[in-house]
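So that you can tell them apart, the chains are marked A, B, C and D in the order they are listed, and the count of residues begins at 1 in each.
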Amino acid sequence: MARIASLAEAVGELVHDGDQVALEGFTHLIPFAAGHEIIRQGRTDLTLVRMTPDLIYDQLIGAGCARKLIFSWGGNPGVGSLHRFRDAVQHSWPVPLEIEEHSHAGMANRYVAGASGLPFAVLRGYTGTDLPKQTDTIKPVSCPFTGEVLTAVPALNPDVTIVHAQRADRKGNVQLWGITGVQKEAVLAAKRSLVTVEEIVDELEPRPNAVTLPGWVVTMVAEVPQGAHPSYAHDYYVRDNEFYKQWDAISRDRDSFGQWLAEIR
Amino acid sequence: MARIASLAEAVGELVHDGDQVALEGFTHLIPFAAGHEIIRQGRTDLTLVRMTPDLIYDQLIGAGCARKLIFSWGGNPGVGSLHRFRDAVQHSWPVPLEIEEHSHAGMANRYVAGASGLPFAVLRGYTGTDLPKQTDTIKPVSCPFTGEVLTAVPALNPDVTIVHAQRADRKGNVQLWGITGVQKEAVLAAKRSLVTVEEIVDELEPRPNAVTLPGWVVTMVAEVPQGAHPSYAHDYYVRDNEFYKQWDAISRDRDSFGQWLAEIR
Amino acid sequence: MTYTTDEMMTVAAARSLRDGTSCFVGIGLPSTAANLARATHAPDLVLIYESGCIGAKPGQLPLSIGDGILAETADSLVSVPEIFNYWLQPGRIDVGFLGAAQLDRHGRINTTVIGDYADPKVRLPGAGGAPEIATACKDVVIIVRQSKRTFAERLDFVTSAGRPSMIITDLGVLRPRDGEFVLTQVHPGIEVSQAIEATGWPLRVSADLSTTEPPTPSELTALRRLTG
Amino acid sequence: MTYTTDEMMTVAAARSLRDGTSCFVGIGLPSTAANLARATHAPDLVLIYESGCIGAKPGQLPLSIGDGILAETADSLVSVPEIFNYWLQPGRIDVGFLGAAQLDRHGRINTTVIGDYADPKVRLPGAGGAPEIATACKDVVIIVRQSKRTFAERLDFVTSAGRPSMIITDLGVLRPRDGEFVLTQVHPGIEVSQAIEATGWPLRVSADLSTTEPPTPSELTALRRLTG
């Protein structure tokens, strides 16, 4: 049974300096509030894992929380670049950022292996690309039956995974719907997990296209309305596309980012 | 877009002598009517694939349709043995039956590999069992990162998969709900597929716990009300537990089975 | 209240399950015992069936591991590949509750063949989920009626090879000591000699042999409500 | 009706999609073109987004590949691992529709870095779904504005290496001939010299060079309704 706590308490207890941390949510249900709480609590040396770093990791990287990034696509969707991510990679600001780079298919399969208790996953991937030259977590593997050579990627098992969902009940059973991305796998792959939710309800009524995570595979649940803003929560609020566009200007130089950071802190 | 046809037409067109055929449905939604149609059309030399052969394959085996069985659990659930399966293995009646035997986890992963376009799947399985001594489709595979030895099983890609679902629309989009077992994987792994449905409707309204198979991955759809009887169709009819019990007597000797067969034919 | 040896076995098996844990449930005796535990001392026991039902709460006993009542009452309903890969395989389930057609002194199970594999005397159903349930769950408990035929000196085939912590029978309870299952508990009214007689290997008896508490009236009432 | 070069490009890309086929859609220009096809000559085109939306039917253009409208209108909504493993990887999708930051004469794409990987001049977003979209779909089409910077003599990094059948730009269409992309089509009003000038490698021109049909009023109306 998941423990229900405040966001500050949950992040304080579950996220430690130096941890490998995955905050997942594929465009939808991105756990922004939890990201801001990590910044507020001043965590450092984190290895951040996420398929699409998005604004949330641009913020954590700019705030100096991260030592390393494991990812597959680091842009501002529909807008352009992630300037804090760029600044860290190109100029080591505010601290150097090591990167471990994959494709979406590779990252998704790394979570699947993690959730499945396997050390690696097999895919048809990275064919003809330069990624295996730069990323040592991409290796060939042969089929024991046909001899065909395929690609292997190692499991991801984050110290802690954080996701946002629409609802939980009082036992910490969690329900999310709409685009559910890789969240189930990311939670099941992790050693500890935190789910922030729009609301805690008495009963989770069944819904189409819903994923339910039983409370006994979730460590902590925190009620955080609007916890995915400026991304969206299906049936609660829409994506704040304006903020995504504004972020381009806010993040473009270190000073304006510093102002944003001071307000968050 | 799937083609909508009669059951006889669909089986006639899709199932050929000598084919590898998977009829799936885990306790729920077992495509019995399609199995009976295969018997009626006198198909022979089939390689039958199914996690739980159940009464449906006991019938096909007793009718002499099968040359080989690929499976993981061959019993009459809650009742006892499959007598026609036993008679075929123990006494080659009515024809010899080759078997290829796995565990549920192995079979499920073989379908997953098939659906994923991979030649094999990796699992932690068969540890300490005698199965790898008898089944040459179980082999060791090493993790390229940790060196750990795990188990590999080859993909299943049936010539044709047949499943039963609650509904389809007129474009052949298929919806099934309740226990959905391994049906999605079995259909996606197959070269051709047939879905029998309780009813064809104008619109598939969204439902909790539903799997939707788009019409463009289904070859043919046939409307067959009660097509899963004596298994059940969630929200349509319950399992005919009495028939499962009666089958024990019907199938126990060749004569009474022969009478049943004459009626089906 | 009087009770049968089967009822004693089921009650003893139910008691072995702690509240708040998760249990991967085989059909038949294991399912009856796990549902009895949920109906008595372990209301928050999480029942998991290989058909993909997680947290099933059937009011009546299911006849198969895929009954509709399991799906309707589950906290979460997943595919069969998912139940094996994401839920069983990583070792996140506390107890595997299994039956057996034949087992040996090491707690290994045969549900495949009696006789030679290529030319069997009796062809049994086969492995099902058991090989992986027996090795992936943190703990494994076997529930089986004890007889010379079932408790075999030698298995014709090893279907599952886990490390069970307990074998619960209609006569008593066996636990591993120095790599071999020995009798550690007899049910009320059962003689040690009966258990020895019903075992195909020379059954050793633990020095600290105890006697099972008989079923309480409330345990029996709950069990009969489930099975009735 | 007058139109922009971007509109011509999008219309040309839309026309390349046949009705009743399936298309794995990247965000931006590819998504606009695929939705235009669905709104015009290909109402039964199946749009597949990497967010897990199969058969999405958005009335308005989505801004990201994970907009709510894609989920709400999809025939089937699946997880991200499933979209890559069960749908993309086996090659069951007819066309992959991709954009590019930089590409070479072989149709290989760079969306990773400009300059040295370890110490890049410009860090680009990276691979996303492109490496597997480019190799797993039966056919691949690239939609990209043509310029010397984008159409590079040499890539600093190969992010995706498929075998596209077409590169559709704001100036014309390139197709592979003897292992190299050559100009096979120019849009109305575009000079061959403009296309050569906007290409970083010595662009060859096909002997059977043709001119694209200009956008019809109904194509333009449909496009402007989508983007407006």
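As a convention for this text, contacts are C-beta pairs under 8 Å (C-beta built on N, C-alpha and C of every residue); 3 or more make two chains touch, one makes a residue touch a chain.
Since the structure is predicted, the reported quantities are computational estimates derived from the model, not experimental observations.
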- In contact with chain B and with chain D at once: which chains are those? Just list them. A
- If you tally the C-beta contacts, which comes out ahead, A-D or A-C? A-D
- Find the geometric centre of each of chain B and chain C from their Cα atoms only, then give the gap between the two centres in Å, rounded to an integer. 28
- Take the average of all CA coordinates in chain A, do the same for chain B, and state the distance between these two points in whole angstrom. 38
- Which chain D residues touch at least two other chains? 85, 89, 136
- Considering chain A alone, which of its residues make contact with at least two other chains? 117-118, 123-124, 184-185, 209
- Complete list of chain pairs which touch one another: A-B, A-C, A-D, B-C, B-D
- Which positions of chain D touch chain A when the two form their complex? 27-28, 50-53, 63-68, 70-71, 77, 79-81, 84-85, 88-89, 108, 112, 117, 120-132, 135-136, 157-162
- Task: Would you tell me which residues of chain A are touching chain B in their complex?
- Result: 117-124, 137, 139-141, 143-146, 148, 150, 152, 154, 206-210
- Once bound in the complex, which stretches of chain D touch chain B? 20, 22, 44, 46, 54-55, 75-76, 85-86, 89-92, 136
- Task: In the complex, go through chain B and note every residue touching chain D.
- Result: 1, 115-118, 173, 184-185, 188, 212-214, 216-217
- Going by the contact rule at the top, pick out the chain B residues touching chain C in the complex. 26-28, 51-52, 71-75, 77-78, 81-82, 85-86, 89-90, 101-105, 108-109, 111-112, 123-131, 134, 178-182, 184-185, 209, 211, 232, 234, 238-239, 241
